[in-house]
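First up is the structure itself, then whatever we jot down about it.
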Amino acid sequence: MTATQPTAGPGVEASEQPGVAGATPGGPVAGRKPGGDARETLYFALRNPKVIIGLVVVLGFLLLGLIGPAFLRYAPMDYAGPPMAPPSADFPFGTTTFGQDVFAQFVAGLRSTFLVGLLGGGVAAVIGMTIGFVAGYRGGLIDELLNMLTNVVLVIPGFVVLIIINAYLGVRSVPMQALYIGIFSWPWVARAVRAQTLSLRTRDFIDLAKLSGVGVGTILRREVAPNMYSYLFMTFVLLFGGSILTAASLDFIGLGPTNAMSLGLMMNQAVQWSALHLGLWWWFVPPGLGITLIVGSLYIMNVGLDEVFNPKLREM
Amino acid sequence: MRGYLARKTLVYGLTFVVAVTLNWLIPRLMPGDPVQRMVARAAVQHPETIASMTDYYERTFGLDLPIWQQYLNYWAALFRGDLGTSVWLFPAPVSEVVLDAVPYTLGIMIPAILLSFVVGNTVGAMAARSRWLDNVALPVGYLVTAMPYMWLAILLAWGFGVALGWFPVAGGYDFGLVPQWSWSFAADLLQHWFLPFLSLFLVSLGGWAIGMRNLIIYELESDYANYLAALGAPKRLIRQYAFRNAQLPQITGLALQLGTILGGALVTEIVFAYPGLGKLVLSAIQNQDFFLLQGTLLFVVIGVLVANFVIDIVYVLVDPRTRTGLTGGTA
Amino acid sequence: GCSGGGGSAPTPAANPYASAEGMDAATELVGEYPREETLFTSGTQWGPPSSWNPIPGAGHATGARGLLYEPLFQFDPITLELTPWLAEGGEWTGDDTYELTLREGLTWQDGETLDAEDVVFTAELGKVDAVPYSNIWTWLDKVEATGDTTVEFTFSDPRYQEWDNWLYSTMVLPEHLMSDWSDEDLLANPNEEPVGSGAFKFSAVGQDRMVWERNDDWWAKSELGLEMPMKYIVDVVNTSNEVALGLMLSGSLDLSNNFLPGVNTLVDSGQVSTYYEGEPYMLAAASANLIPNQTRAPMDDVDFRQALARSIDVDKIVANAYGGLVSKAHPSGLVPAFEQYYDQDVAAEHGFTFDADEAASILADAGYEDTDGDGFVETPDGEQIDLKLIVPAGWTDWMEAARVIAEDASAAGIKVTADFPDAGAVDDARATGDFDLLINGNAGISNTPWTYYNYAFYQPIQEQMLAGNFGRYEDKEAWELVQDLSRTETGTPEFDSTLSEVQEKFMTDLPAIPLWYNGAWAQYNESQWTNWPKEGREDAYFPVMWNNYVQMGGLNALLALEPAG
Amino acid sequence: MALAVNDLKVWYRTRRGDVKALDGVTFEVADGEIMGIAGESGCGKTTLGKALIRLDTRMKHVGGTVVLDDDELPIGDDNAMRRHRYREVSLIPQYAMSAMNPTRKIGRMIRDLLGAHNVRYNDVLPELERRLKLVGLEPDVLGRYPIELSGGMKQRVVLVLSTLLDPSLLIGDEVTSALDVSSQKAVARALVEFRDHGFVKSMIVITHDISVLFQVADTILVMYAGHLAEKAPAKTIISDPLHPYTKMLIGALPKVGDRYEEQQLEGIEGRPPSLLEPPAGCRFRDRCPLAHDRCAEAPPFREVAEGHHVACWAVS
Amino acid sequence: MLTLDQLDKVYKTGTFGTSDLHAVRQVSLDVQRGEVVSLIGESGSGKSTIGKLVLHLLSSTGGTITFDGQDVTKLGFRARRDYYRKVQGVFQDPFSSFNPIYKVDRTFETLRRSYFPRVSSGEWRERLDDALAAVTLEPDDILGKFPHQLSGGQLQRLLIARALLLDIELLVADEIISMLDASTRIDVLNLLGELKGRGLGILFVTHDLSLGNYVSDRVVILYKGRVVERGDTGAVFDDPLHPYTRDLLASVPHLDRTWEEVEAQEAERTRRLAGRCLYHEDIAAQGRSLGDEARSVDGVPNGLGLVEHAPGHFVGCFRMAAEDECPAGPAVKP
């Protein structure tokens, strides 16, 4: 939900402009070179420095989050060492005011971060795509209604609603948080997918599939969706990053998970325990930097993918 | 154009109703009871006292009526500009509390949005024409966009506020000053405003720049650009056209972004203890002040709606396609 | 900007709230509060001030009680002395009559005389249910002005301890202004043009600050020769610890009355100062108690409570979560100010200390065993124990402490998890009894140990418990003891013996488990104002400006300040 | 002689190698001549048109010269070409429907474009309006947005706009293809009229619809797979084609009287060769009924009769 | 075999379908076995809409479509599948008729899964080879390739082969050759001719009159969703009655005559007709007056039918009264 939309490519925004629906310039569907060029795609992907850099950074952090805890001596909450110790060999990221190992917290936080990204992005993607597919494909009244719903959710400031939901339900776990985030970050996906579906729907092969007696669901699944895989993947990447940022904001204002560590929570605690004024920079720099690097890499990877899927950009 | 606006208005009307209804539901759904809060706050123990206070506050908050009547009253009060009474700041009217905070939020949001939009688009347009700039601006833009709002704010507060001491890191104006029309006060106001503004500005900047860059690349590939080039038009003219056209989706994007930016503004305010709506929302939640929360949210929603509407009008003015009545059929 | 600006007192506009924010009204005001004449303080006000009505116990701008309106007596929690304030004195003229004499020459800020009628008016307001002190009328019979400056109180059931409390915690109200207030006004009137009798007047208000201006016609100037050293007090609305700390360090704040994490390091490095130079740095203001909900098993079992109490390593909390800013609580639960009342023998015999082994043996003896091998004990009935300790989200120090408690208890085999719902949810849970364990520190310092035990043992158990006994401990005998205590005058031998009995009851039954003392958070930046209260100093007063604390030393601390340099 | 193209080679760069879309073409267009170019899809028609005015980023000028009115055009140099565009060579693009900036009024766009060529809009306005009338448009189209015009109207506006500075050479690529028969006729006629009025000296009209060429062109150039096959006066191409490809192409076109039952026409078997690695020699060899060994060598584009050029060994 | 009667199609457009677009009005026509019927009209005249209505890809708003006596406008999902065994379509853009990410074989696989789940692989392959042979394609050249690796002509023929696999009786061919090169077009047209010979009925949608003329037995001229003229190909082309038909014919670029020559001929015909309206004359001759029939919707009279001016040659009119100006315009613009 944070800062993802402007980078989603022009296809997204343009779709709502009256009169130009379907005529989006070089949208992923239009710009995509037709035809089973999975190998070619891979070829370009593996030679695109943006994709590679992004992927390496993200996977690196993922790996750290996954296997890191196995190599740590302290649990994130343990009073492990002297309070307020600056980075040292024992504590690579220093310790908190309580003497907790910042690195251990960071590693644990990475896990939540990826979980939130994956779940939140996943939920938003599923909702957005379903609504987008159905609205775009069915058209008519259903489309109007879903569109209306999309617009309503779009206009309601999601973050504020999230704050309320979070406060209301009070279930403060990472998966729940991800779920709420997902529920409020789908509208632009729905819009974009709808626009793509609209343009795909008019393709003759859809009619031909109908003439072969294939049902709606099968058509959506086997004819429409596969044409948008590249786009859907990019969408998911953006949602992933967006969810992480939103979760970090929620954690920061104290609506984070209560029984888990997350990068946002680390920042929250650092600030609450006056790390700024006490000069404990090692407490609040790593979590923010971690998020920035992960999300930034995702975004950069997304540009790379855009270039891979979209020959026009590749020329640039 | 009429159709276009009519459709937009319908969406806005609907959103408004939904938002207001959700809003109304908040205190009724949230755990905790505002009346209880008020009574508990008085820390009385007498059964009679508790009962009479409970009664009293129920009446004050209008919670003693049948539910449908509460709903209707809510709408009626809304149109009178009455958002109820704050629990946390009892007995201050919510509308006053909110109105006091609004200028601060708008004060950082509007300049940050407009400036980041203008500057971002310009940088993006420049990046689209220079490979060198592109290679620098793009990654930087992405990293800035990927920064959590509060982290950038924390870094700024730490660097410019705590370490260098150039800017204050809390409050809307110096605690030793009295608001008035004077240069020194304005300067102080500006000094307090600067860091929150800057952090919001910076985070939004990258997104616009990148969006613009991509759009311009698409536009430069478009038929009309090719045609102009074939007729010997200089690059300048073509870029100018491309820039203009690329701004249209950016404007739509702006509408889409408002909610998000607002979320960012809230978080930023919290970091800088800036006395705007963000802090209000947080306090309202922390103090279970549903009526304040309600009022703030409503204000925010209306603000976003109005802003969206303005953007739509602007859009109609700059994009002739909306005026031709070519509102999308479903084909 | 124009500074200085002595003279014309600003007339508060109809809506002071708007006036301070709206620039127009402000032109009348001074442009800037001269630093050398202004005290900047924070930590008392957690939201924009919105009411100046001193009748409700809370919700008004801090300072409305104490700076603006004044009580009859002041209480010094360091010396435990009650000093006459508006009153010249008061004494029990019979078993159930108390005669109070007001000072001469008391005036309201609008020039009217403050006399016995105002005191009668104030006391009789308590007959309105909604007024927080309405319960005095269950044991007060009547109030009569016997002269311009004398008032006689007649009691049906004299409760000496409670009465003293009333004397310094109730603000005398202006009858000539408030007599026409409706019952609803008493609670809801924001009293936007407050007229008190105190040292300070309402000056201005903003979202993030409350400004008090010195009342140059204060009665105490002539009567007592007191002179407030500062012209303005700017009370900065507290938004967060780190903001307060930032202001403090930059010298924009002279006094901060809230918990500033890590402040011990700053005291050690001389950047700020506190009451004590070393640990615990702060005076104690109240004990933080672990409240076990005794309507639920196994908290209803006193053995379990004893074991739980012994499983918690409070020293770890004090050292790590607080960095030594607090000290461990005495098992009697009484703050160190009442040290003289501690019955050390009782404490030695019945008091608990951290001892995981003892906790384990108590559990084992009482039949709590880990039957299913999950590392946690089950009840003697074989029920799983899985307790939730709730602490309001955002109360960082308590959250950290709760984590440690949960950890320690779990280490001793009692499964406890810390959970952090909203403050409101915690309040609700506490009031309705829908919790397992929580931490509470509602009973603060006062004139009498009775307050704490009243809080701990309060009866009857109601559907909603708002003032005390949140754990819903039920024991008639104990409650009788507490009531006896209330009816006993301080300093008498009966008082001491009753108090010992109460302490023993408390330690053996553990209706609440006192853990550590919440500090009377007060840190000073001495660059503008000096002579702050410090240990060992003659005129060291309780340095806290919180609501209801102004009359417990705060005002005197202010009076003692001196401009630096 | 207006235009002389000599051994022009223009290739496309692709990852798999160069697409030799224009591989040595030599021809001339006389003053006042409307030359039509016909040929199968992908034979290089558009490439030829673009080569004469503006290479896109993927095209490279490999060799050959283009001389217009005794000046050699620097076709490989985008900047140097700019001077020649519009005043000397102009274009009606294949995409006339989207050739105008959708967000600018047409008049405004013309003003901007003229300004870039240092021509004052008001100076040419009377002529502009006159020409608009000529193609049956009211001058008020100048105050309208492109989207407010129908396809045929847009096509005609583009025609007027492209020829406003009286270029020597006008290239029209598939100008009529997207239009209904009646609009097609109107636009095609306008082209001829413009030549007759001297607004443009000569014209190259590209279309795959030979019957339209027959209506408007003086000469027709038939291309095949990046090579020239035949050039002759329009009537001659239709009635007396010499190149076997032209013959088969014309033979495959049903005339309005033809009926399947009465006379079955025949198509051309096979597909043109790939231009990525085109075979040496005559490129039509594989599909040609007359092919023989000689065809392994590329036949020259020879003039076999007055104004009639053919590239085929079988034609003497 | 196929009969359309008073077929109507209104598209709902605008928010919540608030505005209507009347794309097909009161269209009646029929297609017999072994016959090609061409639907001819300019862009937007409703040709494709009719095609899709017949294929049940759209639902009609009025009128009936009967196939061998059965009304097919209200078929359920199952019944529709049976209908598609007999009626199939091929569309304008061969490239968009194939899902670009799959190999072309998939089109056949889909069909097989739907209709011939029990046919063994070997037998299927045989049938496929037969069908491909019928459209003169070599299986080895085609199968296993992606659509972009094949030419438009090949793809169109593949689609026809696909239809043939079902043993269909009616083929709706919507502009199937307009995207093809001149050199491959004729092959597809010839294929249609051949299919017709095998007894297939074909509804051939086109805007190109020369192509319509080449294969079709009868033509239907559409204007603004209405039939303005209909009859045997020869009759209509040689003696167009409606001004719109005449205008169309005069605009066709011929390969043997210039527009000037055609116009001269058309002018001659116009002079001969001298502004007469055959429709109104015939109606008057039948002693009918238009009355209620002439109700107009969007300025286009709806109830007006066709009159049989000559045997099998029908003509309609857009005028409510003979004196009105013809919305389709004069045959040849002065």
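Structural remarks
Letters are used for the chains, namely A, B, C, D and E, taken in the order the chains are written, and counting of residues starts over at 1 for each.
Going forward, a residue touches a chain if its C-beta (ideal position, glycine included) is under 8 Å from a C-beta of that chain, and two chains touch if they have at least 3 such contacts.
Fair warning: this is a prediction, and the values are worked out from it, not measured in the lab.
Within the contact network of the assembly, the step distance from chain A to chain C comes to 1. Two chain pairs, A-B and A-E, are weighed by contacting C-beta pairs, with A-B ahead.
Note: the chain lying farthest from chain E is C, by mean C-alpha position. Inter-chain spacing, taken between the CA centroids of chain D and chain E, is 32 Å. Between chain C and chain E, the centres computed from C-alpha atoms are 90 Å apart. Our note on geometry: chain B versus chain E, Cα centroid distance of 55 Å, whole angstroms.
Within chain A, contacts with two or more other chains are made by residues 19, 140, 167, 170, 254, 271, 276-277. Annotation for chain D: residues touching 2 or more other chains are 147. With touch defined as above, residues shared between interfaces to two or more other chains in chain B number as follows: 10, 31, 162, 222, 248, 285-286, 319, 321, 324, 326-327, 330-331. Taken together, the chain A residues at the contact with chain C in this complex read 77, 79, 83-84, 97-99, 167, 170, 172, 254-255, 258-259, 269, 271-274, 276-278.
Contacts from chain B toward chain C in the complex involve residues 31-33, 36-37, 39-53, 56, 60, 86, 88-92, 96-97, 100-101, 161-162, 165, 168-172, 174-182, 184-185, 273, 275, 279, 283, 285-288. Listing the residues of chain B that touch chain A in their complex gives 4, 10-12, 14-15, 18-19, 22, 26, 29-31, 128, 131, 134, 138-139, 142-143, 145-152, 154-155, 157-158, 162, 203-204, 206-208, 210-211, 214-215, 217-219, 221-222, 246, 248-250, 252-253, 256-260, 262-264, 266-267, 270-271, 281-282, 285-286, 293, 297, 300-301, 304-305, 308, 319, 321-322, 324, 326-328, 330-331. Residue ranges on chain A touching chain E, taken from their complex, read 32, 34-36, 140-141, 144, 203-205, 207-215, 223, 226-227.
Those residues of chain C that touch chain A in the shared complex are 240-242, 245-246, 249, 260-262, 265-266, 316, 320-321, 323, 393-394, 396, 400, 403, 407, 417-422, 425.
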